[in-house]
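The next part holds the structures, each set out as structure tokens.
The same chain A turns up in both complexes below, where it pairs with chain B and then with chain C.
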Partner chain A sequence: MKTWLRWWSGDEPAQSLALVRVLVGLAVLSDLATMAWVGALGPAWSLTTSGGIVDATRKDLPLVAMASDPALLLWGTMVASALAFTVGWGSRAALVVFGLASAQSALHYPMGDRAIDMLLRNAIWILAASGCGATLSLSARLRSGTWMPAVEVPAWPRRLLVLQLVVMYFTAGVQKFGLLWMPMGDFAALYVILHDWGVTRAIPTWAHNPVGFFVLQLGTASTLIWQWTYPVVLVAPALARQPTPWGRWLARWRPERAWVALGVVFHLGIAATLDLGLFPWGMLALYPALWDPRGQATGLRGT
Partner chain B sequence: MRWEVVRGGLLACVIAWQLVESLPAIPTISPEMLRRPEAQLELSRWQAAFGQLGIEVQRQELVSLARGFGDAMHRVHRVFDPLDPVAELLGVGQGWGLFAQADDVPGRLEIEVFAAGGASEVVYRRLDPDRTWRAERWAYRRMRAAYDQDVGRVASVFRRFTEVVAATRFAEDPDAVRVVVRIVPTRTQVPGHELPAEGRVVEIGKDRPTP
Partner chain C sequence: MKRALRDAWIAAHVTLITFMALPAVSRPVSKSDIWDPTVRAEIVGWASTLRRHGYRPNNDRVIEGVWEVANLAHKGRAVVLAPFDPYSRWLGTWQAWRMFVAPQRFPVRFSVEVQVQGLWRVVYRDVGPESWGADLLRGERGRSLVFSTGWTGAQMGRERFGRWLANEVLGDHPEATAARVRYQRVALRPPADVIAGTPERVTDDVSVMLLRGEAP
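For the complex of A and B:
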């Protein structure tokens, strides 16, 4: 009980959470701008009566019920609130508005709401409960005369974000039950995914030989092992506090950093090879949460 | 100290809820689902995998095992059903089955336009550098959701997607009288593996509405 309460207690500098706020904002703004730029706003979020693909929507969604064609209202609300929390002007209120509007867009057109949208909403609610607007924000500039005042905020939201990342990666790993992810399927999953017309950026002809195929087999196995073992990011910093040789070794070498670095490589690799839109950038936007602003370690280190 | 206890308790509840949500939610396995070639291929692969370990398993046993696991997960998920309205309002959840199954019979989107005289032209084909009409729009993730899934399951949204594509083309091209949107299945052969079974072409056509 005491350990549990200690995990969630304490304050820390606000930079990590502020950086997550800014990067999440930039990621969703870029996605919403793309949506408008390629002309997908009306088709994706308008009703069929207005030329879109949403045939029947829910009348109990305020933003949707307010307009005969809800696409522009949903989009405008999300853009305005994302702009506000990205620059850090009324961050908490803006995050709440964005979270509610995004949730309504998900109910309005469920098929278009992808895993990354849900993950970012989870993060948005955590950020809304945090002090992420205390620095690196317009509010801070107006209040203290500087963009980056040295402010301490509760540390628990950042630790909760770390836990969210761990749960996400770990359960994504254990749910990869398709045989092509496994040794019995020759670790061929990435080879097959890169040949999927819907998501690949280019058919990987470079993999149509034993060496190329082996590289992708290695990538498949590494992805699976990395996801299965991602809880290291939580466990290693906790064990590093133990006054044992093992604890001292973990404190000295901080192996969890390798998992974080692999994550960056993994998402940049996805961005380079797969056309998944917001996904890799939305994921990387959450990575500053893995940075303990006291510079001690990543993960759920208590104070 | 009192606030810390309340906060710790609230966080414990939220984390417990979300951890349960993160458990695999396996869809109910229907006889129709089992008849699909990709399901049959996956069952064959599992059978072969068990065979390599010297364990002989019948397909029906594998199906029962998956159903049993799925039912158990559903029972656990139901514990937090009363919180569903909250999850809906906030849009939160923990379903992370990201590429759980790699699709070795992927579909390729194609758009064909017919002119009044009967001539036709494929104006868009995914990743074809010569057929790029509105390529970025159809590839955008929220649009892709309308066709890059199990089209049998999402037939209605695929029909509406076709209507959007056709309306866009008719507005831009006065000669177009019919637009056909199709998903052409391709087969990815993994080196050393058998070629997956052929998929079926799914296509929907839309004629220019008469004025």
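For the complex of A and C:
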């Protein structure tokens, strides 16, 4: 119990959380702009009565009672609040408004609520409860005359974000039980995914030979092993605090950094080969949370 | 007091996100979900793996068993999570990390067609030069709409999205008397077949049609 409480106590510089706030804001703003640009607002959030596909007879959508076309109301609210928390003006209130609007958008059309929308919404609530607006923000500039005052904020929100990332990667890994992820399925998952026109950027003709196919098999196995073992990011820094040879080895080599670095490579690889929209950029926007601003280690170590 | 409340919230939130993230189906599984070709191929594949290890499962019984277990797990999960439902619903804090669980072995080829003087003409094809509505349909949002409405069990979503899209295409083609969106499921070819130039095999062909003047 003491360890548990110690994990969630203590203060640290606010930069990591502030950086997450700004990057998440930029990612969602670019996604919302793209959504309007390609005309996806109608099918995603408009009611059948306004030319959309959301069932207008539903009684569980409060915005339906407030606006004849809630799509524009939702989109406008999300853009305005995302702008506000990105520049750091009334960050907490803006994050709460954005979170509520995003949750409403998910209720409007659950099939259009992507995994990254869910993850960023979870992050938004944690950021709203944090001191992420204390630095790198307009509020800080107005309050202290500088954009980046040296402020300490509670460390638990950043650690909760790290835990959220670990839960996401690990459970995404253990749920990859399709045969194609396994040796019995010839580790052909990436080959199949890259040929699915629903997600691929281009059919990988370079993989239509034994060497190319082997590269994708290697990628499939690596992805699975990396996700299954992602809890290393939490466990290694915790063990590194133990005064044992193993703890000293972990403290010296900090293997969790390899998992984080692989994550960056993984998401950049996804961005290059698959069209998953916001996903890789939204994920990378959360990565500053893995940076302990005291410069000690990633994860939950800095207590 | 404030700290105790904070600690209690963190404990409850961590418990909730961990429990919600445990593997489970997202909604009750219908028979049509189970008969989706990709799902069926997975189950049959696992059954033959078991056969190689000396077990003798019957494919239909395995499918029936998977259906029962999946629905039982869903019901149990729903009971445990019921008290948290308002929290997760209004804050949208779900934890569904089912990403590429089983890659699509039978992806959908999607097209939009209009009928002019009795003949169907393709105006959009996901892999092809026809590009009406490509900004939306080739973008990630459009692709995910096509993907989610392309599942065998997604009739209602497919019908809504299909009629909306057909209405849009009729607006842009005043000469057309009808429009339809078409989901053709193909069997993905293994590398050897691709190299040999074996053509794609269509396994399913579903379309949603809208006549001019009909409500979308």
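Here is the rule we use: the second predicted complex is superposed on the first by the 294 of 303 C-alpha atoms of A that agree within 3 Å, B and C clash if a C-alpha of one lies under 4 Å from a C-alpha of the other, contacts with A are read in each partner's own complex, and residues count from 1 in each chain.
Please note the rule applied: a residue touches a chain if its C-beta (ideal position, glycine included) is under 8 Å from a C-beta of that chain, and two chains touch if they have at least 3 such contacts.
Being a predicted model, the structure only gives us computed values, none of them experimental.
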Clash or fit (per the criteria above) of chain B with chain C on chain A: clash
Which of chain B and chain C A:W156 touches, first, second, both or neither: both
Partner chain in contact with A:G39 - chain B first, chain C second, else both or neither: both
First (chain B), second (chain C), both or neither touched by A:A272: neither
Which of chain B and chain C A:A202 touches, first, second, both or neither: first
Intersection of chain A interface sets (partners chain B, chain C): 5, 8, 34-35, 38-40, 43-44, 48, 51-53, 55, 99-100, 102-103, 106-107, 111-115, 118, 121-122, 125, 156, 160, 163, 167-168, 171-172, 174-180, 184-185, 188-189, 191-193, 195-199, 213, 275-278
Residue numbers on chain A that touch chain C, as the complex places them: 5, 8, 34-35, 37-40, 42-44, 48, 51-53, 55, 99-100, 102-103, 106-107, 111-115, 118, 121-122, 125, 156, 160, 163-164, 167-168, 171-172, 174-180, 184-185, 188-189, 191-193, 195-199, 207-209, 213, 275-278
Residue ranges of chain B in contact with chain A within the complex: 4-5, 7-8, 11-12, 15, 18-19, 22-24, 42, 45-46, 48-49, 52, 88-104, 106-109, 126-127, 134, 136-137, 139-149, 154, 156-157, 160-161, 163-164, 167-168, 186, 188, 190-193
Residues on chain C engaged by chain A in the complex (per definition of touch): 6-7, 10, 13-14, 17-18, 21-23, 42, 45-46, 49, 89-105, 107-110, 126-127, 135-136, 139-150, 154, 157, 160-161, 164-165, 167, 188, 190-191, 194-195, 216
For the chain A and chain B complex, residues of the former touching the latter: 4-5, 8-9, 31, 34-35, 38-40, 43-45, 48, 51-55, 99-100, 102-104, 106-107, 109, 111-115, 117-118, 121-122, 125, 156, 160, 163, 167-168, 171-172, 174-182, 184-186, 188-193, 195-200, 202-203, 210, 213, 275-279
